[in-house]
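Shared chain: chain A. Partners: chain B in the first complex, chain C in the second.
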Partner chain A sequence: MSAQKSILYPLVAVLVLILIPVIGVKLGLSYFFAVVVPYAAFIIFFGGILCKVINWARSPVPFRITTTCGQEKSFDWVKHNKFDNPFTNGQVAVRMALEVLCFRSLFRNLKMELRDGPKLSYGSAKWLWLGALAFHWSFFIILLRHMRFFAQPVPGFVDMLQNVDGFFELGLPQLFVTDAVIVAALTYLFLRRVVVPQLRYISLPSDYFPLFLLFGLVLSGIGMRYFFRVDIVKVKELAMSLVTLKPTVPEGIGALFYVHLFMLSVLFAYFPFSKLTHMAGVFLSPTRNLANNSRYKRHVNPWDYPVKVHTYEEYEEEFREKMKEVGLPVEKE
Partner chain B sequence: MKIYDGRKIIPGILIAAVIFSFPFWLNFGKAAVPPKPKLPKEVKNCVEPTPFMRTSHMELLNKWRNLVVRENFRIFAAPDGKDYAMSLQNGCLKCHASKAEFCDQCHKYLDVKPYCWDCHLAPKENK
Partner chain C sequence: MADVPKPEELAKIDHTPPETPWMETPTVFKDGMWCYGAKPQNLEAVGMPNPREWSPKDEDWKLPDDWKEIVLDGMKDRLGRFRSFKLFMDICVRCGACADKCHYFIGSGDPKNMPVLRAELLRSVYRKNFTLGGKLFKKVAGARDLTMDVFKEWWYYFFQCSECRRCSVFCPYGIDTAEITMMGRELINLLGCNIDWIQAPVANCYRTGNHLGIQPHAYVSMIEFFCDEIEDVTGVRVNPTFNRKGAEILFITPSGDVFADPGTYTAMGYLMLFHYLESMGLDITWSTYASEGGNFGFFTSHEMAKRLNAKMYAEAKRLGVKWILGGECGHMWRVVHQYMDTFNGPPDFLEEPVSPITGTKFEHAKSTKMVHICEFTADLIRHNKLKLDPSRNDNLVVTYHDSCNPSRGMGFFEEPRYIIKNVCNNFYEMPSNTIREETFCCGSGAGLNAGENLELRMRGGFPRANAVKHVHEKHGVNMLACICAIDRAALPTLMDYWVPDVEVTGVHELVGNALILDGEKKRTTDLRGEPLPGMEDIEDEDL
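So, the complex of A and B:
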């Protein structure tokens, strides 16, 4: 698929997805978009991820296939790199925590260039790491901040997050730093696919679709907070009715809210079937979550079955007479 | 069906399930009570139409603050033709006398902390 089509198709798909709730609410289907769709998306999200994880768990990983990024544990006088080549489960836990929270493997990202004729050179390339970290952490903090709509009274950590996030006290309502950072990070993550020729070549619609979906989600949320405000008391009434399993839809929430909710629902439902499953998959990466202890511990293949062997002794026992007849040497007479 | 490393994976799934269903079990069995700000009885209209006030009163107050403090401009000509004093104490609080029964109802509900009361004295509540 050409690069233009890879961008255009998901863009059109997301624009259509934005129009669906706008038209649907006009037609009086607000119950469908406020209750049925979010519940369905939540169930698909949970069920889908569960199926994925169980499917992964059913595949045996008999041998240690750790990617080693440092010195393996060896003699006492050789310095062991504990977190890049873990030996115990505790060290694996630290390695996984660094991977999940700090994207350590992305930090090692390199770029390769041919310079001054046929000279191959490698350089550090940290921008992707920075963009990814900025995006994921902003998204996580924004998700936590949204807990103010789902709990009554609002838990204390939300208050703390809002204070830190609104630290600069810019504008009214106060600008949240994460809102600005997530837009910048998404813009970077999109532009790198468009600008860098190699990335443009390998980028598929399934790379652009989640990006556009996230843009829709984030921009509709920012729009609701800063520009085209909706009645958030009613939004919380709806959210609380959903989580107490007594769904009621208050009248007169702005259409922008339905766009936001629909984007979120699509994102949730899309999660288990796309590259976004890396959220669960990162925990089950055998190249990261295994201790590199093959030299100390025997790992037996679980699908080994008792092999029927026919030893030479038994063979000679069976054919001794015939072997003697044709003059073949035998070990026992 | 054989699951490998179930002793690690199944607790992992359970922990994730508990985290993601946090809003559901936190509110389990509770009834959601919507806020009921106490509205003044004798006056029916605010300075702007109610839907605007519900969503954007902070924008109006911010504008008022800037006009009064920076421009010394104190009269607000409302869309309904009346003039109002652009003042928290002598304007808003005239009708919405109780912070606890009016402002705090929704502001606590949604955990929004207005900075009005950084400078203004909150009205004394009769208890």
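So, the complex of A and C:
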């Protein structure tokens, strides 16, 4: 599929998805969009991820294929790189934490350049790492901040997050740093896909689709907060009714809210069927979550089966005379 | 065989992808970039399917009628057996971090050599047949049918991946394209479409115990020839033993070291070291049955890897040794370190390895019971057990190439460096992004060291060679040390092509040169018969 189509299809899809709740609410389907869709999306999300993880876990890990990124543990006098080449499960836990929280591997990223000479060089290239980290962390913090809609009283850490996030005290309502960061990060992630020829070449519609969805989600959220205020009290009422499983839909929450909720629902429902499962998958990755101690402790392959081998007896049978000629010991004269 | 363009020509590499999307860009087999197909007798020798005369250039690959079913069933089977495979099919976000990490992409500019696209070649078929999204949305979901063209495309690109795992270091989820290539090759082998450069060594190794098909008597006489050479250089006669029951240690090294320069000098290094240690209590034997450290089965399928690897423990058991010492080899050590115990263990008939000279327990190898010779030697040096004269290597300015497999499948960096620094006075590292876990492949790994694909090898080896060139120009490096037999076979060609003044050596050749044997004569040449530093005139007098 051409790059244009790969961008256009998901873009159109997301635009259509934006229109659906707008029209739906006009047609009086607010209960459907405020209650049925989010519930369904949640069920698909959790059920789907669970199925996915179970499905992955059902395939065993027959071999210990750690990718080692530093010196292994050997002698006392050789410095062991514990977290890039873990030997114990505790060290693996640190390696995984570094991967998941800091994107350790992406931090290694380099950019190859070929100049006249010919001369290859590998410059540091931390932008992807920074952009990815900025996106994921702000997404995570924004999610946590949303807890204020789902709990009464609002938990202390949410208040705290909110204060830290709004520390610039700019504008009214106060600008959240994460709001600015996530828009910038998403823009960067999108632009690099479009601008870098190799990335444009490998990108599928399913790479653009989640980006557009997230744009829709984030921009509708920002729109509600800073530009087209919706009735927050009513939103909280709805949210609380959803979490307490006694859904009631207050009248007169702005349409933009329905767009926001629908984007989130689509994202959640789409999640288990897409590359977004990397969130769960990264924890199961055998090259990262195994200790490199296979010579120290035997790893068992659950489906191991006997294979046909060429035995020494067969070997000697074929070469006995030649072996004797050069004085090699043989089992049978 | 196609002529390889001149280095200046080859280095004009365009990394911008073509206009047409990759799924719509047909794969054209370019001469010099692919290897000959497996010969029927080599498939038959190990009972592999579909033996026949064929060439990858043929339109008709003579596959069974139900080939598609075979491949898809094979895929299903492997998705169920390897979590790595299933997971790596699902979670790639196409962030592109791996794209310019592959030496084949760097050297060829072919976008399908970006690890992510190499994986997509298979992933697209996975989506079509095993995911809901792929079934529903087909091309929009990045899915495509398995066709003969697709199968041939797999073949072309899975034999342009040396399973080096460099991409895996950089991937945020550790997606290892080598693992995907291994699956792809297993599927290819279900239809008997291996390359002969892998299949012939597999067949040989199965029958004669080594890739090169050296029969026992020839193996012994080759090593005896090395003993003569050692005697010429040092005046000392070394006396290795073979297939000797009751020895304490079994020594296994790649047969490449016995067969071709410069690996042969490394083999001489081992022989000298063992001789030196004999009087200190080393009791070691070689084997003609287990006369191969390497494992081309590993480039074929897990099953074939296991079948060939079985000889190591079987021979250790038959001879009644206590533990196994392994020579310098790359993929051999990937298999020994990460697979052997699982494949063919537990070796409960062996004992936890202990150095008979220093008493050091190799605790980290206590289950597999096999120790790398560089671990063994580094420990000896650490305990001052070796009399060394590093100045004998003074005509060398050395750099060290980390082989892919011990680097990223083991984490073996310090021991070989420690040895080199003790036996050589001039050592310089290549730039940091080209060594250790970020090391570049020789370009010929995973069975791609053939003659007919020379252009591929020179392209794939370009990043490695370019880094050597850098230290050659900056520090006058003239010797590239490594601990891999494929490197020793492949790198000299690569150096001739890109950096003509640099030669290639194993680490134990350097040890052999520096090692002061009891009762040796005054040495005037190194193991290669070249004059030692300051001995150039003596050499002349002799003439």
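Note that the second predicted complex is superposed on the first by the 303 of 333 C-alpha atoms of A that agree within 3 Å, B and C clash if a C-alpha of one lies under 4 Å from a C-alpha of the other, contacts with A are read in each partner's own complex, and residues count from 1 in each chain.
We take it that a contact is a pair of C-beta atoms (placed from the backbone, for glycine too) under 8 Å apart; a residue touches a chain by one contact, two chains touch by 3 or more.
Only a predicted model underlies this, so the values are computations on that prediction, with no experimental measurement involved.
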Partner chain in contact with A:296 - chain B first, chain C second, else both or neither: second
Touched partner set for A:151, first chain B, second chain C, both or neither: first
Contacts of A:229 with chain B and chain C, given as first, second, both or neither: first
First, second, both or neither for A:308, with chain B first and chain C second: second
First, second, both or neither for A:61, with chain B first and chain C second: both
Which of chain B and chain C A:44 touches, first, second, both or neither: neither
Touched partner set for A:18, first chain B, second chain C, both or neither: neither
First (chain B), second (chain C), both or neither touched by A:202: second
Partner chain(s) touched by A:53 [first = chain B, second = chain C, both, neither]: first
Footprint overlap on chain A, where chain B in one structure and chain C in the other make contact: 57-61, 284
Touch list for chain C against partner chain A, complex: 8, 11, 13, 15-17, 21-23, 47, 79-87, 90-97, 99-101, 106, 111, 114, 116-117, 120, 131-133, 139-142, 165, 168-176, 179, 206-209, 215-217, 220-221, 242-245, 288-289, 302-303, 306-307, 310-311, 314-315, 318, 336-339, 341-343, 345-346, 360, 363-368, 370, 375, 378-379, 382, 407-415, 418, 431, 433-434, 436-438, 462-463, 466-467, 470
Chain B partner contacts - residues on chain A that touch it in the complex: 46, 49-50, 53-54, 57-61, 147-154, 158-159, 162, 169, 172-173, 229-233, 236-237, 240-241, 243-246, 252, 280, 283-284, 302
Residue numbers on chain B that touch chain A, as the complex places them: 1-6, 9, 12-13, 16-17, 20, 22-24, 26-28, 30-35, 51, 54-56, 58-59, 62, 106, 108-113, 115
Chain A residues touching chain C - in the complex, by the definition given at the top: 1-3, 9, 52, 55-75, 77-79, 81, 84-85, 87, 99, 103, 105-106, 108-112, 114, 118-120, 122, 128, 132, 196-207, 273-275, 277-278, 281-282, 284-288, 292-301, 303-304, 307-312, 315-316, 318-319, 322-323, 325-329
